[in-house]
């Protein structure tokens, strides 16, 4: 079955990297068929940025993520931009500092508030909030064990290994506040 | 694929000007004579320049089948066809870009570009300065005839201020490039100038440039009496030869004692100096293909190292 | 085989290497920059050369020079960079210097919209250069195909002594997928025809007698007098260098041969994918990434009982008119989804002239992919 995931935020938050690490985890570690796509504005930092992953146990024909089953939103602008694409039954993981208004999602979308930026600050490096989000994602969806997602992070983000792995673990172990939209 | 050359063996003659060697013999070795006529105007300086290049090949002792020349559009553009060397006759201004590719892909080739002043300094200026900056081992020969001759005599970046051309009938309003200064500024490690009125000196400058390890630039002052000369009071080839003779001085630092040229020696007080001939810059710098070869060796060692571990 | 999560632009790069390319000249431009970046690392690793030139004209010039010495060479660019390259593209096609150029298409005219994707250079690939030059253009849809098609592009360029353009797209270049890369030593490579005669018998690089000939080309430095030029060269080689320029007869022969040598090998170089077209009432004709939406739409249409089929064009130029006609034998209508204002639709229209088949486009120029739903909607509209 085909599943679509989107990481969205602003440039320099590492949303595209997130999608690449997840694609590595699902495609290489877990052996799914995977396509990762991305979209970003011309400015290097601060513009909108998104990384998408579509995976399936069968061949993927259409590579694009049109209606994500899971959206990880790290900025209020991202919520604004992608809320309309989310269908009932899908779920959203939002950052509880960067996002404050989720009223634009339609009924039936489950919203999980996660302290991703806060945990990254706890680790001492705010830019690894994206790695925290991968941990949250893995635990919440049950798609990947901590070990599996760790292998992908090691392969795709070898720098700052200690910080990243700490961030990943914190994300994986967090208790989420959940609200239905 | 390598094919054994059937060309006559060429015995390099080193360090002798050898101007006495019969022209026929050199032509046999290095030149390709067109069936009917050369495409140059009668009296054109390009013929003399070509002869000097041929002698310079001989003096430098190159194997002509290992020489690759490149050029684009202009009066000079047929010259590449008149040698027994390999040649790309491509579009206007790209000579240095072709040469970059040829030399980097096969560093064993002797790469020479044949380019006009408009070709090299106007449309191809970007490739010229960047090839000079990289100090790649090619020789750039610029035939400076003060105008775009092939299109009928419009002003070029080298046209002297105030002189008349087809597109500056009231006098050239723009200051001209000094091609040698441009080359030095861009980082060329060997820069020389000569004129077709000084064939022995010209031959030596080109031969030295070909032998030079690194980017070498030779500006050849080559008259166009038919267009620029006619519009500026020098309608005959001899007028322009005299013009070169009268206005040239020699940069003494470049003249070895055993080689004398009949050119006045340059002095700083000289007021009417138009052309300083001779080697104007010579500095040892790392050569690009050699530097790249080191980088390549490092990269390849890294990969084999990885494969082993 | 090694399984890797591969970026589309890296797939182009690996395809070039697997195809035997050992010289790459580039200039950074979004969204093709990753190819230059990857080549700057990979070329020296495989014993080749990467050079970053001062502009796209320089990149083309350098690879022409390198290819003249017998080293397979390539470059990549996008948008305005491709526009700059047109001069040298035409020059190397007429001088018959084998090259591969990858165009990772971005959106919009002029400097366009750098990070956005489009399919707007179908016509430029064929008609962008001055004079009447032919084009061989291949367009991949997926990351894996980007690899294999680039290998083929190198082979075709050598076989035909021409420039082959690989028409990629930003959204393919910046896409990642899991790809099984083969052992490059197992890939069959083509080599350009080289002279079999001794240097004194060699009549030059353009010694052709028939319109379909691809004459041998001598590497610089191999002992031959090798001249690469578009003027002063007669069709039987050598040529009369007393005059620069071709006689009327030679010019006619040269231009026709440039086209004919490709058209005579059309069967070999025309690649396409044909899905359920046998009984199709409606055929989707598309290329590149948008062909995937067409395939998605076809499956949805079939599920709804609509007899839809897909012709995915892999070789865009020379345009396969005969294949289009065969695939549309039973069609009532054709839908052409593409991210431009109807360039392929125009070609399909000329291929299906006087057949009475209705031809409509689904066109987007906002850089957002056409969805299967949009194609389906258009299908219902045409069939009603």
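Every chain is named by a letter (A, B and C) in the order it is written, and numbering of its residues begins at 1.
The rule is short, and it goes like this: a contact is a pair of C-beta atoms (placed from the backbone, for glycine too) under 8 Å apart; a residue touches a chain by one contact, two chains touch by 3 or more.
Since this is a predicted model, take the numbers as computed values, not measurements.
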**Asked** Across the interfaces A-C and B-C, which one involves more C-beta pairs in contact?
**Response** B-C
**Prompt:** From chain A, which chain is the farthest off, judged by mean CA positions?
**Reply:** B
**Request:** Find the geometric centre of each of chain A and chain B from their Cα atoms only, then give the gap between the two centres in Å, rounded to an integer.
**Result:** 60
**Asked** Once you find the CA centre of chain B and the CA centre of chain C, what distance in Å lies between them?
**Response** 37
**Asked** What residues of chain B sit close enough to touch chain C in their complex?
**Response** 1-7, 32, 34-39, 65-66, 68, 70, 77-78, 80-82, 84-91, 93-94, 96-106, 108-109, 126-127, 129-130, 292, 295-296, 298-300, 302-303
**Message:** Under the stated contact criterion, what part of chain C meets chain A in this complex?
**Reply:** 3-5, 30, 113-115, 142-143, 171, 174-178, 289, 292-293, 295-296, 299, 369, 371-372
**Message:** Under the stated contact criterion, what part of chain A meets chain C in this complex?
**Reply:** 20, 23-24, 27-28, 33-42, 60-64, 66
**Item:** Residue ranges of chain C touching chain B (in the complex, touch as defined)
**Value:** 22-23, 25, 41, 44-49, 51, 53-55, 57-71, 73, 87-88, 91, 95, 194-195, 198-200, 218-232, 240-244
